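In the part that follows, the structures are each spelled out as structure tokens.
Paired with chain B in one complex and with chain C in the other, chain A is shared by the two complexes that follow.
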Partner chain A sequence: MEFNPATASSKECLAYYQAKLDEEAWQAKKEGRLVCWSASVAPPEFCVAMDIAMIYPETHAAGAGAKKCSQELLDVAHGKGYNIDICSYARTNLGYMELLKQEALTGAKSETLANSKASYVPLPDLVITCNNICNTLLKWYENLAKELNIPCIIIDVPFNHTMPVQRHNKEYIADQYRAAIHQLEEVTGRAFDYDKFLKVQEQVQRSVYWWNKVATYAGRVPSPLNGFDLFNYMALIVCARARDYAEITFHKFADELEAKDAAGQYAFGAPENEKYRITWEGIAVWTYLGATFKGLKNQGAVMTGSAYPGIWNLQYTPGDLESMAEAYTKVYINTCGPNRYEDFMNIVKNAKSDGLVMHLNRSCKQMGLLNQEGAEYVNKMLGVPFVSFDGDQTDPNVFSQAQYETRIQALCEMMEANK
Partner chain B sequence: MVYTLGIDIGSSSSKALILADGKDIVSSAAIQVGTGTSGPGRVMEEVFRDTGLSLEDIAFTVATGYGRFSVKEADKQISEITCHAKGIFHLIPGARTIIDIGGQDAKAIRLGDNGNILQFYMNDKCAAGTGRFLDVMSRVLEIPLDNMGDAHFKATEWAAVSSTCTVFAESEVISQLSNGVPRENIVAGVHKSVATKTCALVRRCGELQQEVVMCGGVAKNPGAVDAMEKALGAKITVAPNPQITGALGAALLAWEAYQKQQ
Partner chain C sequence: MRTYAELIAEFKNIAENPRKAMEAFKAETGKGAVGILPAHVPEEIVHAAGYLPIGIWGAQKKAINKARTYLPPFACSLMQSVMELQLEGVYDELDCVIYSSLCDTLKCMNQKWHGKTPVIVFTHPQNRKIAKKAANVFCREEYAIVKAKLEDILECTITNKAIQNSIAVYNENRAACRKFCDVAAEYAAVVKPAERHAVLKARWFMEKSKHTDLVNELIAALTAQPAPKFTGKRVIVSGIMLEPTELLDVFEENGLAIVADDLLHESRSFRQDVPEDADALMALARAWTDFDGCALATDADKPKGRMIIEDCKKYNADAVIVAMMKFCDPEEFDYPILIQEFAAAGIPNLQIEIDQESTVFEQVKTRIQTFAEIL
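On to the complex of A and B.
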């Protein structure tokens, strides 16, 4: 039966559009159009304006983790000499790229690739990266470009040691954008389509509006939104914010949440099932998404806040490159401690959270570095208790379910004592 | 008389304690094997032995520890953090910092004036700094765990032993043994290694607050306590019967839960 977005649920839209994006990338390959692999918070606006199909390795790796097949891809990367201390998104993707590369060179699929539950995506013709969320992304993407002998577009974004964003930083980033446009004209052999670029920028703003709107439902008490759902829906704000797929899905999701709230249905069903509200800091533990969610649900703890989904709150004025530069550089992990702590406190406040859960993610030093100070600041300002646990986004070897459950239970006991 | 029961099933030992009217300890027991073994069954037999009581006489049971969800007799499960805090504060009301080192975890807990938990930190997914680390070293050094404390105080200097990995530390110890380093010196180095790792957890809780109380199986080792005192630069009180403070806290919380029910 043909998919009808008008009658489909947001969950059906999410599944449909995720699959469609991969299909479109394969179709682009077939038609001789270009496929680009992109960092999750690199601007897609330029490539989409030039009709280039986008694939997002971080989302692909997260999907492999959630499908519990990242280990076999990590093993391929380890076999190539990548160290276990490198980000597991990078390792998962470099392992996957290696399997695709071998297939392209030999014409035969390896057993690992043929049996992998990871979604099957085409190799890129170019890559685009941006260091606004970490610097591993530079070397990772340079490595992809070198291994595959393809162009690499780098949007270099300075770290914001002070806030607000300095004028010269915005100008520098806008120049990076102009260089990227020039590079794309060379790669495609066509003049940049500025009219389409403006339309894509406007689309990104509509996607961001609905993404932010969805997140506001977690501020209601009780919350109709289960915050863990943001981890799932996030795939579209990453991969399809420059398309209407994200807007359609999030608009629908917001309507569903509104209806749920009106019907007295909340994240855990009846209102009394929401015993505690927590803010989660850090990337999801994709390989144990169910276990981390259930660990909280078993205690009646709803995730109502998280800084992580807010990374894609990329609001700017279409047509204004410096405004767009500011949006992509003021991502909270690209800002100084004081700004980051303040942002974090506001998230906890808006989420009306009683406690904080900090994922000390072995892969993501950038997110983990200031966790402790951030949590101490929130604790000092709002008196909210916090707990941290060891984990990893896609390397299944770091997380211990029993240790996690003990920490979560102890946090809930502290929140109970505070009531 | 109302009896409540606290059961603390750890990774390497099982402890139980019966409390009368929320204040008098009727009986306690510890078996040196933990969850998934005969330990939980044996500790239950042991704790009831010679008491004239049976499970039917228990008004409320709280289970804690790594194996808390597998205790079918329990009316409620509570984390070991809350149970240790409860047990220690009951025994030593001046306690503000608790160091608990068990078989596979080490924790530092900071208490408020009412015994409320202000902050806690636990070790990561790593055996360094835990009882298991001492177990491994005791085997390599051929010194029974119970004698590690005596050996520690005979050391003329403390050997350097890695605090970051049990496997690497074990090979360091083996090479030191083959180089003729006295075993007593290595024992002291091993204790220092545990203390260094645990000390980091204590410091994360903020400025050290007195009184510092140590519990858990490792607190029975005076060498480990000495190393911890030196690392912290503070006097440590060892909880009476340090291995059963979690079970005591569980029994006290069982008493509170029972009263709430009434």
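On to the complex of A and C.
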């Protein structure tokens, strides 16, 4: 049956557009157009304006984690010399890249690749990276470019040790945007399409608007939005914010949430099922998404806040490169401690959360190493209790369900005592 | 003229007693010291203020206790040690410390300083090749911030001329250190790995013109005699740093001489001069964007492997030993590329782990011994 966005649910849209993006990348490959692998918060505006198909390794790795097939890709990376202490998104992707590279070199699909449940995506012709969420993305993409001998576009978004964002910082990023445009003209052999670029920027703003709109539903009490759903829908704000796919899906999702709220249906059904509201800090534990969700649900704890999805709150003025530079650099984890903790506190406040669940993610030093300070700040300002648990985004060997459940239980006891 | 042994004893004394070196500097100049955290901090600006830039590289065999409260176990070994020492107040006599933001761990560490001294944080640009001009402008601006903050904290004025003079002092020191490394390779039968390290480590705790003089004196003492024949194997080491001393002794015990290094703690800090520029801060910025071959300096071309392989030829090295700082992801990312390049060039190589907390070295001893035997 043909897909009809007008009648499809947001969930159906999400699945459909995710698959469609991969198909489009294959189609581009077939037609001799370029495919670019991109960091999740790198600006896609430039490549999309030049009709380049985009693939997002972080989302791909998260998908592999959720499908419980990241381990075999991690093993491939380990075999290539990647230390098990490296970010598991990077290892999953570099393992996957190695399988694709071997396929391209030999013409034969390895058994691991043929049997992998990870989405089958084409190798890139170029990569684009941006360090607004971590410097790991610089090292990871260096290696992709080196291994595949392809161009690497770098958008270096320097750490904001001083906030607000300094003028020289914005100017440097805007200059790099111009350098990226020049690089793309060289790679494609075509003049940059400034008209389309403006349209793509406008599209990104509409996608971001609806993404932000969806997140506001978690501010309602009780919340019609199950915050964990954001982890799933996030795939489109990452992979399709420069297309109308994200806008269509999020608009629909917002309408559904509005209708749910009007009908008195909430994240856990009846309003009394929402016993506690928590903010989740850090990336999801993709390999145990169900277990982490259920651990909260069993206690009646709805996730109403998370700083992570808010990273894609990339609001700027289309046509203004410095405004776009500021949007991409002021991501909370790319800012100094005081700004970062304040942003985090505002998320907790807007989410009307009673407690914080801090994911001490072994893969993510950038988030994990200031977890304690962020939580302590929120606790001091708002009196909200917090717990921390050990986990990892896509390496299944770190998370312990027993530890997680005990910590969640402890948090619920503290939240209960606070009532 | 002092002998080689006497001079090495002095270098070792300085390398092992940074506090004493700092106190001597203070007594002599009446000025204080500024802590220089890893990595690639333009310490010429501090030198230009007349203060002693003093390297902060953790400590050997330091047990990590208090730092556990503030850092998860997956922060790198070096920063665990730095955190432990700052909690103990070891750095409190410094006038301030300067932190770069070159990796994810540094970006967090520079936001959670628990010492009593003020902290200056700056960010290097990383789009150093394709957007070089813009990166230079940005970098210069960040260095100007460092300068302004230093002037404020130290209550002094740092002139362009003073920075230029300091750049000249530093370039002279860099040249002396490079020359020493070459001489140490030639005199591999004399210069033990731990001695080579002490000469280069002392650099972090001395006013650079004094270090230059001492290094030149050492070179003169060494080269006064012809180089005896070295019968062991010649290796190049790569990584953040290679300590503790016991580890270097394992090299010696197994007949391995370090004929060149690609360590952040050593050659990466002096293998390239700062270029000439009427604007001293711009000269320092250009040095950063010209610089190559460090895991912390982004370059999609990844020239590090090529550079080490060239050094293998230049120094007639038998092998490369990668000293991997525990939980240092930038270095860990370079390793899979390096081993492919070493394999293609037919260079034997070994990876050992650097954990500043380690007190037992049996495992690494066995690994180096086995490796030395197959060379």
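Simple rule for what comes next: the second predicted complex is superposed on the first by the 419 of 419 C-alpha atoms of A that agree within 3 Å, B and C clash if a C-alpha of one lies under 4 Å from a C-alpha of the other, contacts with A are read in each partner's own complex, and residues count from 1 in each chain.
The working rule: contacts are C-beta pairs under 8 Å (C-beta built on N, C-alpha and C of every residue); 3 or more make two chains touch, one makes a residue touch a chain.
Here the structure is a predicted model, which means the values were calculated and not measured.
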Clash or fit, chain B versus chain C on superposed chain A: fit
Partner chain(s) touched by A:A179 [first = chain B, second = chain C, both, neither]: second
When both partners are placed on the shared chain, which of chain B and chain C touches more of chain A: C
Partner chain in contact with A:T406 - chain B first, chain C second, else both or neither: first
Contacts of A:P385 with chain B and chain C, given as first, second, both or neither: first
First, second, both or neither for A:M414, with chain B first and chain C second: first
Contacts of A:Q372 with chain B and chain C, given as first, second, both or neither: both
Which superposed partner A:Q102 touches (first chain B, second chain C, both, neither): neither
Which of chain B and chain C A:Q315 touches, first, second, both or neither: neither
Smallest separation in angstrom, by C-alpha atoms, between chain B and chain C in the superposition: 5
Set intersection of chain A contacts, chain C complex versus chain B complex: 360, 372
Complex interface listing, chain A residues touching chain C: 80-83, 85-87, 90, 94, 131, 134-136, 138-143, 145-147, 151-156, 158-162, 166, 168-169, 171-172, 175-176, 179, 183, 336-337, 340, 360, 362, 364-366, 368-370, 372-373
Residues of chain C defined as touching chain A within the complex: 70-72, 74-75, 101-105, 107-112, 121-127, 130-131, 133-135, 137-138, 141-142, 145, 295, 298-302, 324, 326-327, 329-330, 332-337, 339
Sites on chain A touched by chain B in the complex: 360, 372, 379, 385, 387-388, 390, 398-400, 402-403, 406-407, 409-410, 413-414, 417
Chain B residues touching chain A - in the complex, by the definition given at the top: 66, 77-82, 105, 116-122, 124-125, 204
